[in-house]
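All chains are identified by letter, namely A, B, C and D, in their written order; residue positions are counted from 1 within each chain.
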Amino acid sequence: MIHIGVIGAGECSAAGSAHAYEVGSLIAQHKAVLICGGLGGIMESAARGAQDAGGLTVGILPGFESDEANHYIDIPIVTGLSHARNILVVRSSTVLIAIEGGYGTLSEIAIALKLGKPVVGLNTWNVDPRVIQVKTAREAVEKALSLIQKKV
Amino acid sequence: MIHIGVIGAGECSAAGSAHAYEVGSLIAQHKAVLICGGLGGIMESAARGAQDAGGLTVGILPGFESDEANHYIDIPIVTGLSHARNILVVRSSTVLIAIEGGYGTLSEIAIALKLGKPVVGLNTWNVDPRVIQVKTAREAVEKALSLIQKKV
Amino acid sequence: MIHIGVIGAGECSAAGSAHAYEVGSLIAQHKAVLICGGLGGIMESAARGAQDAGGLTVGILPGFESDEANHYIDIPIVTGLSHARNILVVRSSTVLIAIEGGYGTLSEIAIALKLGKPVVGLNTWNVDPRVIQVKTAREAVEKALSLIQKKV
Amino acid sequence: MIHIGVIGAGECSAAGSAHAYEVGSLIAQHKAVLICGGLGGIMESAARGAQDAGGLTVGILPGFESDEANHYIDIPIVTGLSHARNILVVRSSTVLIAIEGGYGTLSEIAIALKLGKPVVGLNTWNVDPRVIQVKTAREAVEKALSLIQKKV
């Protein structure tokens, strides 16, 4: 099974939310599992998009309780590790799609680059040419899937 | 959704393996998600039992690669945290069933007791009266489910 | 430099506190560094004993702020990992002395046994013959030091 | 006691190494404790500088053994957490000085910004105006100390 991580902040713009919803929906349509941090903002919109399209969603949570997860998470992973859970989001994803995002997202992009894991960016941090910048949700998911093909 | 953790060692007796398989199977028949450490022995038998019964299995892995998971894991969570992942298995489960087990399992039982999370034991460490000892797989799953009811 | 971990609960008996103070003091007199979880109870008494004897104390804290440490910690390590920090206490110690203790201490003893790290016990969990039970603080520190010698 | 973190890669330029050595030396001269990741490159040069000036050095290690530390670490903290230890380096430091650095350093800068912890940069990632860029080791340490003053 393919696991695609969607990373982004707990607060986001309306455009970011729409992008995340569509990315989540496309991930589900491609029968991939959505991995995310399980909270609000980008994470919630992506999970909602994935669930609405019949997909499976995993939320790797920073806190101590599963009910910290947004309402669209099927599998809450309760870590109690605070920001250290960001690294688990990266490691558990075959490829990552970053949408907008603050410093937490930047830390996830950095760890992904460190681990040599492909990252597609949609209006996100432009810190390194290895983050492949795209303009639409469809491009993001297609690019992500093509990067997995290459890896195989 | 109910998440039941099955904990036990990467190597186990034939009896332990049979118990784990049946526990996994019953978890799936009750539409609960199986949480485990994702490796061999008890974890593998439980996951196989759950998958054979049409259930969903999550493996919270200690290492760096998803292919470290046994063949019956649907959702591998790659932590890179070594034994610290034990705590995530406990936190992500609503109730735990311990089958046999070595020192790693003992650490999980201890953390569960620390967190006030119910533990059912099947031929496992008998370190505390709060670990509810049972004799059969069926008893283990029924007891686990009844403990969740009480909590709700 | 030798690093000796002292593990025990955040609440303890007067006898436990006295034992911990003397253990800390002896650790410092042997020019070893005291490693502990940095909070109250056994951890605080051991750190106070070590500092009073001119030793160096390290507290590996579960929370988010260094001022969570008791007043006798020279080097606070702030993990933000909650109970997962227990494993770091074990890994960072060459040998462990367990004094009394609850479920958290039991989890540390279990991880130490898993990692093959020697544990000396003073009125603590008696779960395994590999935990060497002693009666006095002096015996505890002498036994701990002798176990390090053997290892080298 | 003041704890200053020095972050940078395990491989560095000769200029970076010289900067790190001088930063470490100045940290020790100011009676502050050096916190770092404990490995080679920038971490090793900073620790060597601090020890040569009579300071105390802490290395928060990613792996499983204390002998993974460079030769200039007084207090090795053995985490077994791989890159998740980066977050502990950030949390355990009152202020951070980033020297050069790759993706791992970028992840540490991001987490520091996320936590609102001040970062001084010397030829490092210029991703955010909140990272205060300086040109010399002396400036770096003076700026770091002044940021702590402000905080108090």
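Going forward, contacts are C-beta pairs under 8 Å (C-beta built on N, C-alpha and C of every residue); 3 or more make two chains touch, one makes a residue touch a chain.
Because the structure is a prediction, the values reported are computed rather than measured.
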Selected interface, A-C versus B-C, where C-beta contact pairs are more numerous: B-C
Proportion of interface numbers common to chain A and chain B (over half same, under half different): same
Chain at maximum distance from chain D, centres defined as averaged CA atoms: B
Intercentroid distance (Cα basis), chain C paired with chain B, Å: 30
Geometric centre distance via CA averages, chain C-chain A, whole Å: 40
Contacts with two or more other chains, residues of chain C listed in rising order: 64, 80-84, 87
Partner chain C, residues of chain D touching it in the complex: 1, 3, 33, 56, 58, 60, 64, 66, 74-81, 87-88, 91-92, 94
List of chain B residues in touch with chain C within their complex: 81-84, 87, 102-104, 106-107, 110-111, 113-115, 125, 127-128
Residues on chain A engaged by chain C in the complex (per definition of touch): 64, 80-84
